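You will see two complexes here that share subunit A, one where it goes with subunit B and one where it goes with subunit C.
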Partner chain A sequence: MARSLTHFLPLLLFVCFASIASVALIMTLSGERKLSELPSALIGKPVPVTELPSLSNPQAFIKIEATTATPYLVNFFASWCAPCRAEAPALAILGKQIDIIGVAYKDKPEDSRKFLADFGNPYRAIGIDNDGAAGLNWGVYGVPETYLISKDGIILKRHAGPIDGDILRDEFLPLIRSLQDRE
Partner chain B sequence: MMRYFNALILILLVGMSLQTLSVPAAFAITAEEQLADPELEARARDLSKQLRCLVCQNQSIDDSDADLAKDLRAEVRKQLLSGADDQTIMADLQEKYGDYVLLNPPVSVATIGLWATPILALLIGGGLIVLNRRRVKQSPPQSAQDLSENTAEKPVSVKTMHAGTPGTPILAITASFCIIAAGAIYWFVLGSPSLPSQPLSQRASEISQDASQAEALLAEKQKAYTAAKDATLRAPENIGSWLELALAAAELGRMDDELNALRTALSLTGEDAGIKSMLAEALTRSAEGQVIPEARQLIAEVLAENGREPRALFLSGLAAMEDGAYKRAVDNWRYLIEISPSDAPWLVVVRKNLQEAADRAGIELKTDSDSSNLPVLSQESLSAAAEMSPEERLEMIEGMVVRLRERLENAPSDSAGWQRLARAYTVLGQPEEALKALVSASEAAPGDLKLQLAVLEQLMLAGQAGDRSQTSDQALANEVLVRALAVNAEHPELLFFAGHFARQEGDKDKARFYWVKLLDTIPQTSETARLLQAELDKLAR
Partner chain C sequence: MLSPEFGHFCLVLALVVSVVQIILPMAGILRDDARLTYFAEPLQLIASAAIFISFASLVYAFVVSDFSVQLVASHSHSLKPMIYKVTGSWGNHEGSLLLWIVILGLFGMLFVFREATSRLKTLTLMVMGGITLAFLAFSLFTSNPFTRLSPAPPDGRGLNPVLQDIGLALHPPMLYLGYVGLSVAFALAIAGLITGQVTRSWARITRFWVALAWSALTAGIALGSWWAYYELGWGGWWFWDPVENASLMPWLAATALLHSVIVVEKRQQMVSWTLLMAITAFSLSLVGTFIVRSGLLTSVHSFASDPARGIFILFILLGAVGLPLFLYALRAGSLTKGSDYALLSRETGLIINNYILVVSTFIVLIGTFYPLALELFTGAKITVGAPYFDATFNPVMGIGIVFMAIGPLTVWRRGMVGSARPALLLSGSVTIIAAVILLVGSGLSVAGIAGIALTFWLALSIGGDMLFRLRPWQAGIGARLRLPATQWGMWLAHFGMVIFLTGALASALFEQENVVRVSKGAEIALGHETLIFDGVEERIGPNYVTETALLRLFDRDGNLKDGLYPEKRFYPAERQTTTEAAIRTRLSGDHYAVLGDGSAESGYTLRLYHKPLVSWIWFGAVMMAIGGLIALYRRPQKAQRVMQPEQVPKEAE
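Presenting the complex of A and B:
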């Protein structure tokens, strides 16, 4: 008995390893597991308090604060970013349901303004993050990135990359609706 | 066993030391980023090597050229200057970007498996070896029972056994050595950090070469455009040069010029359907995919004239999609796929669009696998043939026919392919080959009654022309008749052929049987009935 066990143990271990590896491979191939999607550190944590010069009035400041009256979105965008153009329609829809604060990430103000004129302005307010310092505080690793924040100032969701129709329908809208129903 | 094991450990150790010895040669950091204080700079470099660039994901921020890596390097240095210690800086970045930013994952519940696996593997492996050795010592060497067991289990290994050791599966050891060797080679070629870096500055010439190539291509397009424009100026009546100008303008993205050229060409030809659909397509492109009213008008005109014009069919599907008439779009594109040659270049796009339309309309598409990607006799190659001299054209078609034939001989069940081959042979003026291909097509699709009838008709015509061997044709006809009668024994045309070939064979009774049956199915007063009756009377004599 002991003999047969020692014989089969390596095989057993190999089978375990191979099945884990296969599951991972299958999930990757089927698109369920996205290699480029990174875990988010800030979910469930309070927003990093951020103060940025306003795009519409450079003398004034936009403040992203710990508590607000309603939940809201924070969207990092830039005029030089092609996926930001792709998500413009989705943001336009979202903008009708919830406040969106835009952060123009490493962008020239005049370019940001032209971008908004061309692709629509879904934002309630826009801050200028000239050197990407605010992005660094939020853990942004590439624009566009969108955060959903509860009225208590807790980050509920983070989406890196453009919001397409599926993500809008399956992820953002239900979550926003449930937040608003709760009130 | 031990010897092999030792060798294995040695290989692993050598590999590891090589890895630690070799220092990556590439640094992404630039001079202006560096701190003046060499001690702080050294700490910054050290920290950077432990932080992952979240864009490139398998490089440290010290290695990476990405913007984010640069920002993170600046952040590390900023915090160092403000007097933070290494732990604080790492903790701060970990809080913002998560554990993932650390190239050395921390030991936690989530990562314990990662850290424990090597230790576990060593323990288990060592345990197995110890167990094995102990058992070997206990059991007397080469006992009868042991030997018989070994022989039964691993006959290969008996000869190579060391005295006293249990069977050493030589195959397994060779295999594991091969795997390790292959891994080592792979690592030295592709994975080793000592590989020379390919910094941007060294690749500058390569990049500039690419750029100049792109420029040359553009210049060439520009030249083609100018030449085409000149040609239209010299001969404004020549439709071909206007079409060429349209193509050249399209290449350059000069929408207005393209539209103008197509309009001129259209007015020169009167109402050519092909040019109309080209114009409709150009209009749609210029409206960024919207099928504007003018384009719709053109499409309607083209389809009224020729309902099989692929470009117009495609666009009309697009227009239907735009109107939300998904069902109509599905019908349109299905029909287009059906009538297109199976290697038409537009099929990929049409199929994709069809899928989308079907999804929106809630229609389940049947997948047909038989008519996909056959590389011969496409619309495109045929239109290319139009520009050649007659000899060249013939040669090209013959080449294509040979290729098609070779392919079909390997996949004889492709009935549609055989039918295409038959048509090609007819075009080439080789009726015998055409008939052969047609017979193969009918064999590949025995349930296709129309196809069987076509073969019978060809056989009958060939027999009447009298230039073929009667007996082999007769056998062939009988085979086809059996197949066809199995599908539908009442079909009038088939009954006629059955009677004809029975008479030709000399079997008058059989011929009479079929023709009488046929006579019952057709109106008694018709001309056919009268002729058939006359033939029957002749048979009776």
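Presenting the complex of A and C:
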């Protein structure tokens, strides 16, 4: 009996897989699966103060601090991440509107540099998060991930996944504009 | 004659024939009426022919640029070179789906011609009819390639420059040959579950189709990776992208199947496992075919996805995977036989091989779908990239290589080839000494050294196996060279793995690279070599303008070796920019140059690499594919019996 039960195992695994896929599909179809918004324990809270070695000058450090003169974005990226390539054009546009601090997440510095040479560098400064410790602090699920931070260091928005044209137009640009108008 | 309507009609005809192809033989089997079961074969041929004509109509519409067909209007252009008009017919969702069905028809036809009529054959053809039916329905109801467009536009919109590429054009047909080829083994497995007779002859038939599909899949994956390497200009050859993973998973499962079916053929063991692998391999190719079309996962090279198609896809998957697995759960128990082999035996070796391949399939599966599952439960959208796979897949494959070196030296039931122990000891100690020297003397990482050592050991053990089996120093080599083709195929395929690993390791560990921002006249060092940048020239192509960087490559003694001309192309009609890497390919390694952004005033970004032995990656894959094809050849049964009787059972394959 036990022997024949093991033969049900593949079916069982498949059923699990199929249910996940079905739920995902149905949610996509009904428009419920919109993954731009991410709940974060950090939203509305001050940024975790982070100090990372700078990509351009390994002797120097990049500090993500509580207070700055203007609002800014923090973007976690990596050269090994395909969606990061996809969001490069959106970041290029954003980089002209607002400062972006890049965090190279679990990436070799030479790979990050290569990535920037290829896809453009929209960042004001880039920190190296080689072991992913900063990512852990921020609660990063994966790359790419982008945070909007107010000038008093409060996390206003979090977006996981690549920023595409729609998200740029409908979410980031209006929010940034309203922040800058308030200045 | 070849009008789109006629093509559409043929597709409907094929659908109807497929229904009959299932019903008539089924009635024949239930009523034990050979006149009805006989219909399976001619019906398969009719369905195949109808599908071929339908596809020919579609290609014809592309060739004559019939823009009244929607697909042609949106994916072709009258100015495209003819070759890309033809290949453009499958460079889109609808057309590639039809190509998939064409290959299914091709395999059905070949199966009819090759195999002798039997109950197994009838049942297999019924299952294949079922698969054809599902795909035809998918094509006709959700993705009809023959939809007309009225009014017809004066010209097409499909002049996407990135898609005008020969590697991209040939890659899907090759890959589909592999994906779809696995459907034969899948159908045979279901037929075997139904009849309950998974015999030696079942295994012999199945093995042929698995090896054929496996070879095509290997070549298809290699072609895709080669395309990504030279066209995308990212400098890598494998990105762990969902689409790539989708082709790797069936490959891993098919590799497991290719090995386990041998155990069924030779020893009648691992029967239910082999059936499971046959079902799994094709199920994973279905997943692979659909991943890119359903909008479930995002990838850098997916088709435009449509969730409405996703529902249809899901139903096909449920039927095509769920039902066979259910059948398996019910029937597999009765097919299992007690084991009668020792721990050190070829059976054990192949079981370990299968477990390792299945574990690695799972690793890729989890890496591909975990983000999706996580997204559902937590709402987070993430990417699991190369770091995950480097940490999980590579070590498991490393263990796999250890057994790949030992396995072929074992014999069925018990023990090893007589000369294997000294050969393994010798190659093992040489490898370990070399690894220790590397560890002390070189700055390489432990993982890198482990990779080199394993590859080296694998090469030695294959070489040793060949040497001791052929014994060229003894008389009568001629007779010993007459080994079965499967043996030669195995050696070639395994040695292809060595070549592949050599290329992969060398290009990763000894790569030289330099990313610089330079102005005209600059000298750039790349390892021992030097490049001189002579500035950027604007050139005009047939339908684009380029910025071409002029680079001269000098060797360490200052002799001019070659020029490298990476380009950035701008296609004004499509307002699209593409990067054309300059690649100088030699057997010893590639020089790879990419032009980044910049201007004459501020300088240009240049990315330069030397990738040693990188082309070996694809040579190795091609060797594996050829090895698989060689193993297809079987000497006629009579000739095999002429061989010395004691040699036959020992003959390890």
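Note that the second predicted complex is superposed on the first by the 148 of 183 C-alpha atoms of A that agree within 3 Å, B and C clash if a C-alpha of one lies under 4 Å from a C-alpha of the other, contacts with A are read in each partner's own complex, and residues count from 1 in each chain.
Rule of thumb we're sticking to: a contact is a pair of C-beta atoms (placed from the backbone, for glycine too) under 8 Å apart; a residue touches a chain by one contact, two chains touch by 3 or more.
Note that the structure is predicted; figures quoted are calculated from it, not measured.
**Q** With the two structures laid over each other on chain A, which partner does A:Phe8 touch: subunit B (first), subunit C (second), both, or neither?
**A** The second partner, subunit C, only.
**Q** Go through the superposed model and pick first if A:Ala69 touches only subunit B, second if only subunit C, both, or neither.
**A** It touches nothing on subunit B or subunit C.
**Q** Between subunit C and subunit B, which one touches more residues of subunit A when both complexes sit on the common chain A?
**A** The larger set of subunit A residues in touch belongs to C.
**Q** Just to be sure I read the superposition right, which of the two partners does A:Asp118 touch: subunit B = first, subunit C = second, or both, or neither?
**A** In the superposition, A:Asp118 touches subunit C alone.
**Q** Based on the superposed arrangement, let me know which partner A:Asn137 touches: subunit B (first), subunit C (second), both, or neither?
**A** first
**Q** Could you look at A:Ala86 and tell me whether it touches subunit B, subunit C, both or neither (first, second, both, neither)?
**A** The second partner, subunit C, only.
**Q** On subunit A, what residues does subunit B touch that subunit C touches as well?
**A** Overlap of subunit B and subunit C footprints on subunit A: residues 3, 10, 38-39, 106, 141-142.
**Q** Using the touch rule from the top, collect the residues of subunit C that touch subunit A in their complex.
**A** By the definition above, subunit C touches subunit A via 233-235, 239-241, 272, 276, 279-280, 283, 294-296, 298-300, 307-308, 310-311, 314, 317-318, 321-322, 325-326, 328-330, 332-333, 336, 369, 371-376, 378-387, 513, 515, 579, 594, 596-597, 605, 607.
**Q** Could you list, by residue number, the parts of subunit A that touch subunit B in their complex?
**A** The touching residues are 2-3, 6, 9-10, 13, 36, 38-42, 48, 106, 132, 135-139, 141-142.
**Q** Would you tell me which residues of subunit A are touching subunit C in their complex?
**A** Touch list, subunit A to subunit C: 3-4, 7-8, 10-11, 14-15, 17-18, 20-25, 27-29, 33, 35, 37-39, 78, 80-83, 85-86, 106, 110, 113-114, 117-118, 120, 141-144, 160-161.
**Q** Going by the contact rule at the top, pick out the subunit B residues touching subunit A in the complex.
**A** Its residues touching subunit A are 54-55, 57, 67-68, 71-72, 75, 94-100, 124, 128, 131-132, 135.
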